[in-house]
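Next come two complexes built around subunit A: one with subunit B, the other with subunit C.
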Partner chain A sequence: MANDIALAVRDIRKKFGPLEVLKGISLEARRGDVISLIGQSGSGKSTLLRCINYLETPDSGEIIVGDEVIRARPVRGRMSRADRRQLELVRRRLGMVFQNFNLWAHMTVLENIIEGPRHLLGLTRDQAVAEAEQLLEKVGIREKRDSYPSRLSGGQQQRVAIARALAMNPEVMLFDEPTSALDPELVQEVLQVIKGLAAEGRTMILVTHEMALARDISSEVVFLHQGLVEERGAPAEMMSNPKSDRLRQFLRMVA
Partner chain B sequence: MISDILQFLPPLIKALPLTLMLTAVAGTLGLFFGIILALARISGYRILVWPSFTLGLVMRGTPLLVQLYLVYYGLGELLPGTWVRHSWLWPYLRNAIWYAILVLTISQACYNAEVLRGAILAVPKGQIEAARAVGMSPGRIFRRITLPQAFHAALPVLASDVIILLKATSLASTVTIMEVLGTARALQRETMMILEPLIAAAIIYFVVVLILTQLTSLLERKATSYRAR
Partner chain C sequence: MDSKWELLGWGDAGWGDQLLHGFMMTIVVSLIAYAMSLTIGLLAALSKLSARRMLRGIANTYTTIVRSLPELLVILIVYFSLVGGAEKLLKSLGLVSDRFEFSGFWAAVVALAFVNGAFMTEVMRAGILAVPKGQTEAAEAIGMPRALLFRRIVLPQMLRHSVPGLGNLWLAITKESAVVAVLGTFNELLFTAYRAAGVTKEYGLFYSVVAAAFLLISLVSMAIIHRIEKRVGRGF
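== the complex of A and B ==
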């Protein structure tokens, strides 16, 4: 069923100068799917994720959210979004969590979370605050609601960032190496939150180096190598029985 | 001598509102146009970058007094020969205060633009990206994310520029404006006393600057409370 597809990525290509980072990649996430993108640094997985919400503009290919295609057209020989307003509306349906949290430093935790719902979704302050408090409860940092990001640990900041993304009620969550910038002892608290979201049936695309996480929560694991999908499949099968040499090597390296 | 100085204080305090008005108007408009100039500088469009860069170079590279003379006497020379002489603008243009406000504003805008440009560029890219990812428009990102942080970062320099502006308004006395220094000069002529009116004027400027400094440091502490200690 077509309307079961939450996100489709069709034959995305992207060059940075002479370097071809993505050489034609496709993905399809049905509602509730968790797709993990794994691979060495430089394999293109983060770029692919950033192409999904057009933080990077693909040179060719299509991104389809629900049944809406992000419209693009060439401007002076390079592809560009065709309709800024359309892109802004599509982005509201995609929650993004960054490696470096990227919380707005001049706003408290609560203000970070209600900013989008209030000004982009048109909620009243009271509605937005009520929802934000539930989300803070969910990510386990309700007591920090009036703190500024600079007063929080990395793990706390990342959990706020997740709450901020969830506050927009996105159809798909995008995670770009959400635990890579964290001190080892803070990784678990963020992984717990991500696992919780998977258990709720959230549709998620996840770039990660945490193989255990990818194995536990993914419906599909996609292994990228030099801008191409080298291997993809169910996590348990792929990880215990890799078909390609490259994936075997990669798994040995990160194990 | 002390009693002479004290006797000059009341008439000078009466002139203080004009000094404060010049500072407030040129300071506010200067900040507004400073933001626009800073945006023009970093826009990347050559037709915006080039004029804003040149204006800043010229205004910051020449003395304010020279600029004031050029505008006051220059425009005063040129305008009467044009259509402006018979337009509704003319009654205003005969008043020196508009020339002073014009020059002070542009000058202030150029200094503000310089600080703001750096402060805007220093806002972390990741925060801008997070705002784009959530679906904010470029205008909203600038108003809600970039400008507040740039403003907080620039605040110490912006505040000291306002204090410099306050003192620079005294130059307006050279084009017949009776603000604090202009009034002091008139008192010199009336009383034939050279030093006392000037000392009284200096005291007034000093006290106002002192108050302003206190206010701005209070503001700074509030505005940057979110930063890591």
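== the complex of A and C ==
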């Protein structure tokens, strides 16, 4: 059932200068799957996630969203007009949540959320605002709609960032260490939102250091080591019974 | 004492109407030249940051040359060669009649804009570079096309960094419009006062009036710039 696949990553390789960060990685997420990428810093997990929506351009390999293959092959930062257009359209189907939130600082919470729907999806302001308010309700932060991001705590900013990504109705959500920049007491409020999305059956790829979260919500956990998949499998099995020494070591370190 | 104040009056005896005209000329020339240099600066800044080597080369050559030469020299070159060349070009293309000539006014405006555009380029380039990468990545990630991304995300945030520099350039341009007066092609404020002082020998009076007028322009400008700074600083 090919059209059951929401996202496929095929043999992605990426070098930064002489350093080979990704040495050929493949993933496949069916609709409703939650794949957690774990591993030490430097293992390539964030780079892999950024390759999925081409914030980093892979040196080789394919990204397939639904049944559409990203065509872009930029040469020294430049790509053809048609390829750029295709990439823009594919990116609208992938929601990205960053470690540092990256809310637009010159816009209020509400403006951040309606920006994409208004200018990219063609919604009227009223439609976009109505949807934004539902999303703010969902992430539990409606009273902050007219605040600027700089007035919000990290946890609140990250919840707004999740709402902003959801406003585009993405088919797949990408999370890049969504709680790593948060003070410990603010982690839970963001984790609750992410768990809620998983429970709704959202397709998600998640880079995380939160082992409990990975264990609770993932359909598959992928352990990366030095740019390769060292071990992958069902979360409970992998975490209670790791096969490789490296995963065993890693789990001991983060436990 | 009375006779001195009469010198600033209207009509044949006084210089007041000429001075006011000069004052307006200074403001109008500055405004138009400023708007043009903003445009030049933005285009050159984007060229400098472009992936295209040729655009970068052109913009670098422009800013390097203009910023290394004395302002007056650039103004003379622009006025006497570039403007003349542009006239010939327009004539040979048949776009204008044979007797066409840029007015001294427009020549001065173009010269001022050409010089200030180079400084504007650097202010804007620095402003664009100061926008954090995460801000543009968040827009790329939702599939925002580049032109929209620039208009909605980069430009507003760049302004926050650039307004002080852009404000300085505005103040500079109001004063440089006095330098352009050496071309003797139109009567801005300082040049008018210079003539008035020469005729009446009341140097102190006329130069004080001009000084006060420039001070007034600066004070009003600074108040406006301050408001703009507050406006673009919202949210930070």
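The rule we apply is simple: the second predicted complex is superposed on the first by the 246 of 255 C-alpha atoms of A that agree within 3 Å, B and C clash if a C-alpha of one lies under 4 Å from a C-alpha of the other, contacts with A are read in each partner's own complex, and residues count from 1 in each chain.
In this text, contacts are C-beta pairs under 8 Å (C-beta built on N, C-alpha and C of every residue); 3 or more make two chains touch, one makes a residue touch a chain.
This is a predicted model, so every value here is computed, not measured.
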Mind checking subunit B and subunit C on superposed subunit A, clash or fit? clash
Where does A:R145 make contact in the superposed view: on subunit B (first), on subunit C (second), on both, or on neither? neither
Just to be sure I read the superposition right, which of the two partners does A:R76 touch: subunit B = first, subunit C = second, or both, or neither? second
Name the contact category of A:L55: first (subunit B only), second (subunit C only), both, or neither. both
For A:L120, decide between first (touching subunit B), second (touching subunit C), both and neither. both
Which of the two partners, first being subunit B and second being subunit C, lies in contact with A:R246: first, second, both, or neither? neither
In the superposed view, which residues of subunit A touch subunit B and also subunit C? 53, 55, 84-85, 88-92, 94, 96, 98, 100, 102-108, 115-116, 119-120, 148-150, 161, 164-165, 168
Footprint of subunit B on subunit A - complex, ascending: 53, 55, 84-85, 88-92, 94, 96, 98, 100-108, 115-116, 119-120, 148-151, 161, 164-165, 168
Residues of subunit B touching subunit A in their complex? 124, 126-127, 129-138, 140, 144-145, 148-149, 152, 225-228
With touch defined as at the start, can you tell me which subunit A residues reach subunit C in the complex? 53, 55, 76-78, 84-85, 87-92, 94-96, 98, 100, 102-108, 115-116, 119-120, 148-150, 161, 164-165, 168
Touching subunit A in the complex: which residues of subunit C? 51-52, 132, 134-135, 137-146, 148, 152-153, 156-157, 160, 232, 234-236
